[in-house]
Amino acid sequence: MAAVPGLETVHWLEVYGASGSVPVVRAGVCEGGAVGALVLARPAARNAWDGAMWAQWDAAVAALRALDSVRVVVLCAEGPAFTGGLDLGYLAATLGRHTAGGSDPARARARFLREIAAMQAAYSALEAAPWPVIAAVHGACVGAGVDLVTACDLRYATRDAYFCVKEVDVGITADLGTLQRLPAIVGQGAAADMALTARRVSGEEAAALGLVSRCFAGRAEMMEAVLGVARDIAAKSPLAVWGTKRTLLRARDGGSGVADGLDRVALHNAAFLLGADIRETVAARSERRPPRFSKL
Amino acid sequence: MAAVPGLETVHWLEVYGASGSVPVVRAGVCEGGAVGALVLARPAARNAWDGAMWAQWDAAVAALRALDSVRVVVLCAEGPAFTGGLDLGYLAATLGRHTAGGSDPARARARFLREIAAMQAAYSALEAAPWPVIAAVHGACVGAGVDLVTACDLRYATRDAYFCVKEVDVGITADLGTLQRLPAIVGQGAAADMALTARRVSGEEAAALGLVSRCFAGRAEMMEAVLGVARDIAAKSPLAVWGTKRTLLRARDGGSGVADGLDRVALHNAAFLLGADIRETVAARSERRPPRFSKL
Amino acid sequence: MAAVPGLETVHWLEVYGASGSVPVVRAGVCEGGAVGALVLARPAARNAWDGAMWAQWDAAVAALRALDSVRVVVLCAEGPAFTGGLDLGYLAATLGRHTAGGSDPARARARFLREIAAMQAAYSALEAAPWPVIAAVHGACVGAGVDLVTACDLRYATRDAYFCVKEVDVGITADLGTLQRLPAIVGQGAAADMALTARRVSGEEAAALGLVSRCFAGRAEMMEAVLGVARDIAAKSPLAVWGTKRTLLRARDGGSGVADGLDRVALHNAAFLLGADIRETVAARSERRPPRFSKL
Amino acid sequence: MAAVPGLETVHWLEVYGASGSVPVVRAGVCEGGAVGALVLARPAARNAWDGAMWAQWDAAVAALRALDSVRVVVLCAEGPAFTGGLDLGYLAATLGRHTAGGSDPARARARFLREIAAMQAAYSALEAAPWPVIAAVHGACVGAGVDLVTACDLRYATRDAYFCVKEVDVGITADLGTLQRLPAIVGQGAAADMALTARRVSGEEAAALGLVSRCFAGRAEMMEAVLGVARDIAAKSPLAVWGTKRTLLRARDGGSGVADGLDRVALHNAAFLLGADIRETVAARSERRPPRFSKL
Amino acid sequence: MAAVPGLETVHWLEVYGASGSVPVVRAGVCEGGAVGALVLARPAARNAWDGAMWAQWDAAVAALRALDSVRVVVLCAEGPAFTGGLDLGYLAATLGRHTAGGSDPARARARFLREIAAMQAAYSALEAAPWPVIAAVHGACVGAGVDLVTACDLRYATRDAYFCVKEVDVGITADLGTLQRLPAIVGQGAAADMALTARRVSGEEAAALGLVSRCFAGRAEMMEAVLGVARDIAAKSPLAVWGTKRTLLRARDGGSGVADGLDRVALHNAAFLLGADIRETVAARSERRPPRFSKL
Amino acid sequence: MAAVPGLETVHWLEVYGASGSVPVVRAGVCEGGAVGALVLARPAARNAWDGAMWAQWDAAVAALRALDSVRVVVLCAEGPAFTGGLDLGYLAATLGRHTAGGSDPARARARFLREIAAMQAAYSALEAAPWPVIAAVHGACVGAGVDLVTACDLRYATRDAYFCVKEVDVGITADLGTLQRLPAIVGQGAAADMALTARRVSGEEAAALGLVSRCFAGRAEMMEAVLGVARDIAAKSPLAVWGTKRTLLRARDGGSGVADGLDRVALHNAAFLLGADIRETVAARSERRPPRFSKL
C-alpha cells in the first residue's frame, strides 16, 4: 500500500473513512510510534481536496494527536503530485450551495464563512499540535497545498517540485493561510510576487527563497533525508521540541514585540526547564550514551 | 516623448502641472486602459524630488485612481537614474523654512511634522490603491527612492541598478517608509545593514536579498518583462487581485497574528468570493478561452 | 594582550572584575574613542558563559555606555571559538540551586524566572544602547552565542564560523532571544529549521540566509573589514545613526503596523531632524571635506 | 425539577452525564427553541466546579450550539448560590495528581498547563458561540464564577448577590479569564481592587461599577427581567445580533486600534448587511407588525 | 437662523451645498475664530443623515480645518433631536443600489464596502483634526448619532437626551464606530448592553456611565456650559491641547501597551515641549495675566 | 518625624540623600517588614518634584525592592497636599538647560528625551516591583501626581483630595504616564475630560469615576483603612499577589487580546501554582488558623 518511498514500515492507523470507504488521507506511525506520517492519498485526482479529504484529514490529525507516543510528523503525498489544491468539483458544489436562488444571501454567506473557518482550522491544527510537522513535497504543490505546507514547521522539496499560489488565477483571494504565513517565511516581496502573479516556484528557487530548507534531486533521497531529520527530532527532548515550536509560533503572532516574547519564554522555562530532560541530557553526555526521554 | 522603452503606446493623461508648466511626473494608460504607467520625468535632475514632483505625484496617482479601467500600474523613470532621492535644494529650502529665526521652534516643528506626514501619505497612497504597483528600477535608486519602491507591491531591477538608503549619510533618519517596510522584504539584518551603512546594493544583490523579484541585463528587457507581468495581472480577476493585495498588506500590519488574519480574510471572502469572477473562470476553462472580467 | 587581530590599538578600560581577578570580558575603545570593542575573553573555555562572564558583561556594556565618545561597538572573541554558549558547569549549578530539595518549588521557579530575565536583559542592553553593535563571528557560535548575535545590529562571519541553536539538544527551549529575534532576520522557516534541528549553519550559509551580511575567508580579513565598517559608521552623524537603529527596532516591535511606525518616525524627525548634523553635511559637501559631528 | 424561577417551561435536553448519573449542569430551551438556558445544578455543593461539572458544561454548551434555533442563552444557577467557584476537593485532587513524587515535574506541569487550557476553553466557548449569553447572578459568585460571568455578554444580579475574585486568598493567580476580561468591564483600578483584595462586591456595587447592567431586589424579579431581555434579543435579527457580539469581541481583542476595527466591521457588513433581515425590518415597520427573521 | 441657543454670535461659513441648496450642516466660528461650531441642521427630518448631510458634513469639517484660527469645535444640532441616525430613505436607496439584479454581487459588495469606508472616514475626520470636538447632545441621539459622538473628544447632554445604539433593531451590525469606540468610554459590559438590547440610555444614565461628562437640566444651560468649556480650551496652549488629544488617541489605539505609549509621548515632547507656550505660561503667571498663545 | 497619621511605627530606612541633606522622600517598613511606606516629604513646597525628589525617589524605591520582606507598599505624603506636581523652578531650569543658545537644538532635544525617559522610568518602577503599591491621597494631587498615582495598583482618597491633570494649563502634553494609564482606569471619555479641561476632580468624584477605590471623610480614617488593606494583602500569599499584579498589567499591555492573555497566565500558573502557598492555604483552613507564607 505504501506508495511513498521510505514509508514501508509505517503502521497505518484506522481512521474515519479509512474503513468501508476508500481512504484518501492516511495516518500512521513508525520508529516505535515516535514518528508519525500523514499521507495525502488520492493520487488519481492529484490529491485534490474534496469533501472526503477534508473529513479524513481532521480524523487523521486527531488520530495522531491521540497517540502520545508521537514526537514528530512527516507530511507527504502519494502519486505524481503533492496536491493540486482544492478539487474544482468540490469548489463548484460549494459555491453552488451558497449561491442557490431563494435563500437569503446574507445567511448563505454566514454559512460560507463558517465553512472557510472550518477549513482554516483544519490546517491550523498542525500548529496547535505538540509535535513539529515536516512537509516533504514533490511534484505540484498548488493553491491549498501552499496554505497547507506553510502551516508546517519545516519544509523540504524535490527538484521537480513546484509551488504555485494559484488562487488569483481562479478569481479567489487565497484564504486558507498562505497570505498570512508565507510572508513570514519568504519575505513580503517574494510572497506578493507569488500571490499576485501565480507563477510557479521550483524546488530550487523555493530553497533559495527559504520556502523549503533543502531541495533534493529525487523523491527517494528526499524521503530518506526527511525521515532522518524526523528520527533526529524524535530522539530529542519532547519538552524542548514542543517548547521551541510553541515559542516560535507565539513570537510570530505576538503583537507586542521582542520584549513581550522574552517575558513569555521566560515564563515558559520557569515552568518547564527544571525537569528531567536537561538532567538526562547531562547524564547521557557524561556516560557517552544517547539520552532517553519519556513522552510528553 | 516616451523616454522609457516599452511605453511608446501609452496614452498620457493631463494631470496637474502637466499643462502650462513642465511635467515632471507623467501618468498614462495602455492596454485599453488596463495597465497604468507612473513615470518619474525629471531626468535632468536625476528625478530628484522637488516641490513640483511631490505635487504632480499626488495628482498623477489621483488621476490613475479616478480611471476605473486601471488594474495594475507600472512605476518607472526617464533618464539615466530611477531617482536620486530628495532634491537637496528642496531639502535645504524646507529646512530653512522650519529653522528660520523668530518663529516658535515648537510650531515650526509641528508644521514640519505635517510636511513629513504629507510626504509619507504620498507614497502610502500606492498601498491604498486597489491595484498592484510594479516598480521597474534602473540606475540609481537612492534615499526617497527606496522609500518609494518599498511601498510598491512588486519590484524588478536591471543589473546596473543600485539601491542606497542614503539618509544616514546626510544626517537624517529615513522617515518616508524604508525603515518600516524594508525589513519585511529583506529581513531585519539586511535592512539594518543597508540603513546603517548606506552601502549600495546592486540589482543582482537586490534579487538575492528578495528586494526585487528579478534582475535583468538591460532596461529594454526589464521593461518588456515588466509590461508582460502587468498584462498578465491585468487579465486576472480584479476582485482577486485587489483582495490578494489588500490581504497581504493587512497581514503585514495586523498586530494580532495569523489567527486574526485568517478571520479577516474569511470575512473578506464571505463578502467577495461568491461573485461573477470565479464563475467566469470556471466557464472560460471549460470553454478553453481566456476569462473576461468586468472592472471592479 | 590583544588576541583579536586588528584590536592592537584598542585602549582597554578597567571594568568590574578586570582588576584583581582575571578578565573574561574586555571593553575598550579605539579611533579616538569613537569605536568601542567588546571582547569575549575566556578562550580556554571557548568563551563559555559562566557567572564571571555574565557579571563582567554587564559591567563592560555599562562602561562603554558611560563613555559618550562611543559611536559604534564591535563585538568579537578571543581564541578559536566565538562562544560555546552557556557554561555547562554554570548551568548545572544554576539548575541544582533551583531544584534543591526542601525549598518551595514555586519560589524556586520565581527566582529562576528572575535569573532568566536578568540574562535576557544583559543581551537586550545592546538594543537599548544608542550605538549600533557589529558582531564579528569566527569559529563556533553556539546556543547563547546565537541569542547574543541576534541582539546585535549587524553581523559578519568567517568561512569557518558556524552557528548552532543548540538548546534543543540539551533539553532546553532557547530563552535568551534567538526564538524571538532570529525569525525577523532569516525568516520563519529557516529559524524553525535551525531551532528544531540544532544543525550547524556555516558562515557561507549564514550569509545566504541573511544571518550575516558578509562571509570572509579568514579572521584577519573579517576584522579589517568590520573595523572599516565601524570607522565608517563612527564618521556618520551620531544623531542619524541612533535614530536609524532606534526606528528599525521600534518598527520590528511595534504591534500596529506600518502606519503606526510612520507616525512614530515622523515624530522622531520633528524632534531631531532640524539640527546641526544635516547642516554640517550640506556644508561639508559644498566644501568637499568630510563632515564633523559632535557627540550625541 | 426547575429550581430556578421563570424556567418552568424550559424543555431540558439530554446531555452527557444527564442520563444515568446525576446532572449537575442542565441545558434547555424555551420560547420555541429561541431562548436557551444553561443552569448550574449542583446546589448541594453551592455549584462548586468538580470534574462532573466541567465535563457536563462542555456537553451542555455543545448541545445548545447544535440546536440552530437558539438565539440567546441565559446562564443561571440552582440553590442559594450562583457558584462557590472551584470545588476544593477537585482542586486538591488536581494538585495532588500534578505534584505526586516520582514523576518528572516538567511533564507534570505540561499536563497541568493542558488542564488549565481546557478549563479556559470551556468558558471561552461562550464567546465563540453565535448567540449572546446573559448571566443572571444571585447569591455567591466566587472565584471561577467571576471568570465565568466575565465571559458572558451581559450580566444582571440580585441585591443579595456578591462577586468575589477569591483566588488570591487561596494562593492562586486567577487563570480562567477574570484578570483578562474584568478590566475591560469595570476598569483597571476596580479590577485590581477586586483581584488584589478579594473583597466582596455586592450586586448594587456591581451595578455601579458596570460589572452588571442592573441590580434587582430579588431573584424572581431578576429572572423575569432577564427572560424579557432574552425574548427581546431572540426577536431581533440573528444576523445583526451575531455581528454585534462578534464585532464587540474583536474590537476588544484587536491589537491595532479603532482604524483596524473599522476596516473589519466594514468587511463584515460588506458580507452580511445586504440580506433579508434589513428588508424584513423595513417591511415590518411599514406594515406595523413585528419582523420575522429566519435562523442564522 | 441660529436655532441653537448660545450660537447667536457665530459667523457662519459658506460651505459646499450651503449656497443655492438648503444647508443641512452648518459650520461657523465665534470668539474671534477660536471656537468653531458644527451644527446638524435638518431639523424637520430629526437631523437624519441623507446624502446631502454626508456631503455637507465633509465640506463643513474641511472648512473648519482650513481656518487655522480654530482651537476647539462644538458639535450640536437644531430642532428637537440631536439626530435620528441614518435616514431610512437614504438607507433603502443605498441598499437598493447595491442589491439590484443584474449586477455581480461581489462587485456590488466591493462598492458597498467603499461607501461604508467613506462614511467611517467622515466621522473619523474629527479624530484627525488638530482641535478637540465637544458634542452637546439634546433629545434623541440614535444609531449613527452614537457613532458620531463617540468620535468626539468630550460629550455633554441634557436630561431629556437619550442615546440608543439602534442598529441591531434594523437588522444591522453598527459599522460607523460605535462598537469600536464605545467600549473604551463606558466599558465592555455597558457597551454590549447598549448594542445588544438597543435600549435607551438617558442623559443622566449617560453621565453615570461616563458616556457624557455631565448632564444638564436644559438645553440653554448645557450650551452655556459647553461654550464656557470651549472658551476655556480655546484659551489654552494649542500645542498642548493638540498634543493631549493626539496622545490620548494614540494610547487608545496603540497595540503595544503603556511602555510603547510612553516612548511615543516622550518623542512628542522632545519635539514640541521646548517652545514658546510653556515660556509664555510661566511669564503670564509671574505677570499675573492670562497667557496669549499664537495659532498652531 | 512621622507627619502622616498611622505611620508612627514605621522603621525608616537610610536612603540616598537622607543623610547629610534633608530627606524629601522617605522609605520605611512596618508590620515586621511586610508593609513598606513611601512618603513624599517636602511639605513646605507642597511636595513638588525637584531634582532632589527625583533622585531620592529612585533611591527609596530601590531600597524597598532590596528588602525581600516587603509584600505591599503604601504611598502617601506629608503636609497639606499630596503633591503639587513638578516643581516650577526645576521645570524652568530644565527647560533653560535644553534651550540655551549655542548648543545644537537636536542634541538638546535628544538629551531632553533621555530626561523624560528617566522620569517615566522612575514612576514605571512601581509597576515593575513585585509588590502592589497603594496610593493614599489627600489634598492636591496635581500634574505629575496623577502620573504617579495611576502607576500604582490601588488608590484611595479623602473627601478633600482633588486630582488635576494640570499639564495642559502650563502648555505641556502630559508625558509621565497619565495619558497612557488613566483611560484604562476611568474610561476614555473621563480621561479626555480631565486632560483637556484640567478641571479638578474631587475625592468623591474620583470614587464615582473609579479613579480611587474609596473616598474617606478624613486623612486619619483613610490611613487606618489603607493600612488595614495593606496588612490584609501582606498576609496573603506573596506568590499569588505578585502573579495577580503581574497578570493584570500584562493583560492591560498585551496587544493580542484575551486569548493571548489566557495563554500567558496559563504558563504563569504552570510555573508557579504548584507550590507551597496553595497547600498552606488548604492546611490553614482545615486547621482553622491563618496561613503563613514565606517570602517570595
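Per-chain residue numbering starts at 1, and chain names A, B, C, D, E and F are given in the order in which the chains are listed.
Here is the rule we go by: contacts are C-beta pairs under 8 Å (C-beta built on N, C-alpha and C of every residue); 3 or more make two chains touch, one makes a residue touch a chain.
The structure presented is a predicted model; accordingly, all values stated were derived computationally and were not measured.
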item: Required steps from subunit C to subunit F (each step between touching chains, minimum); value: 1
item: Interface composition of copies subunit E and subunit F: same or different, split at half; value: different
item: Chain centre separation (subunit A, subunit D; CA means) in Å; value: 35
item: Geometric centre distance via CA averages, subunit E-subunit C, whole Å; value: 49
item: Shared-contact residues (touching 2 or more other chains) in subunit F; value: 105, 109-110, 113, 181, 186-187, 239, 252-257, 259-260, 263, 267-268, 270-275, 277
item: Residues on subunit F engaged by subunit D in the complex (per definition of touch); value: 132, 153-155, 181, 184-187, 210-213, 229, 232-233, 236-237, 239-241, 243-248, 251-252, 255-259, 261-263, 265-275, 277-282, 291, 293
item: Complex contacts: residues of subunit C adjacent to subunit A; value: 88, 91-92, 95, 98-99, 105, 108-110, 112-113, 116-117, 120, 124, 127, 167-175, 177, 179-181, 183, 186-193, 195-198, 209, 252-256
item: Subunit D residues within the subunit A interface of the complex; value: 104-107, 109-110, 113, 239, 242, 255-256, 271-277, 294, 296
item: Subunit C partner contacts - residues on subunit E that touch it in the complex; value: 250, 253-256, 260, 263-264, 267-268, 270-272
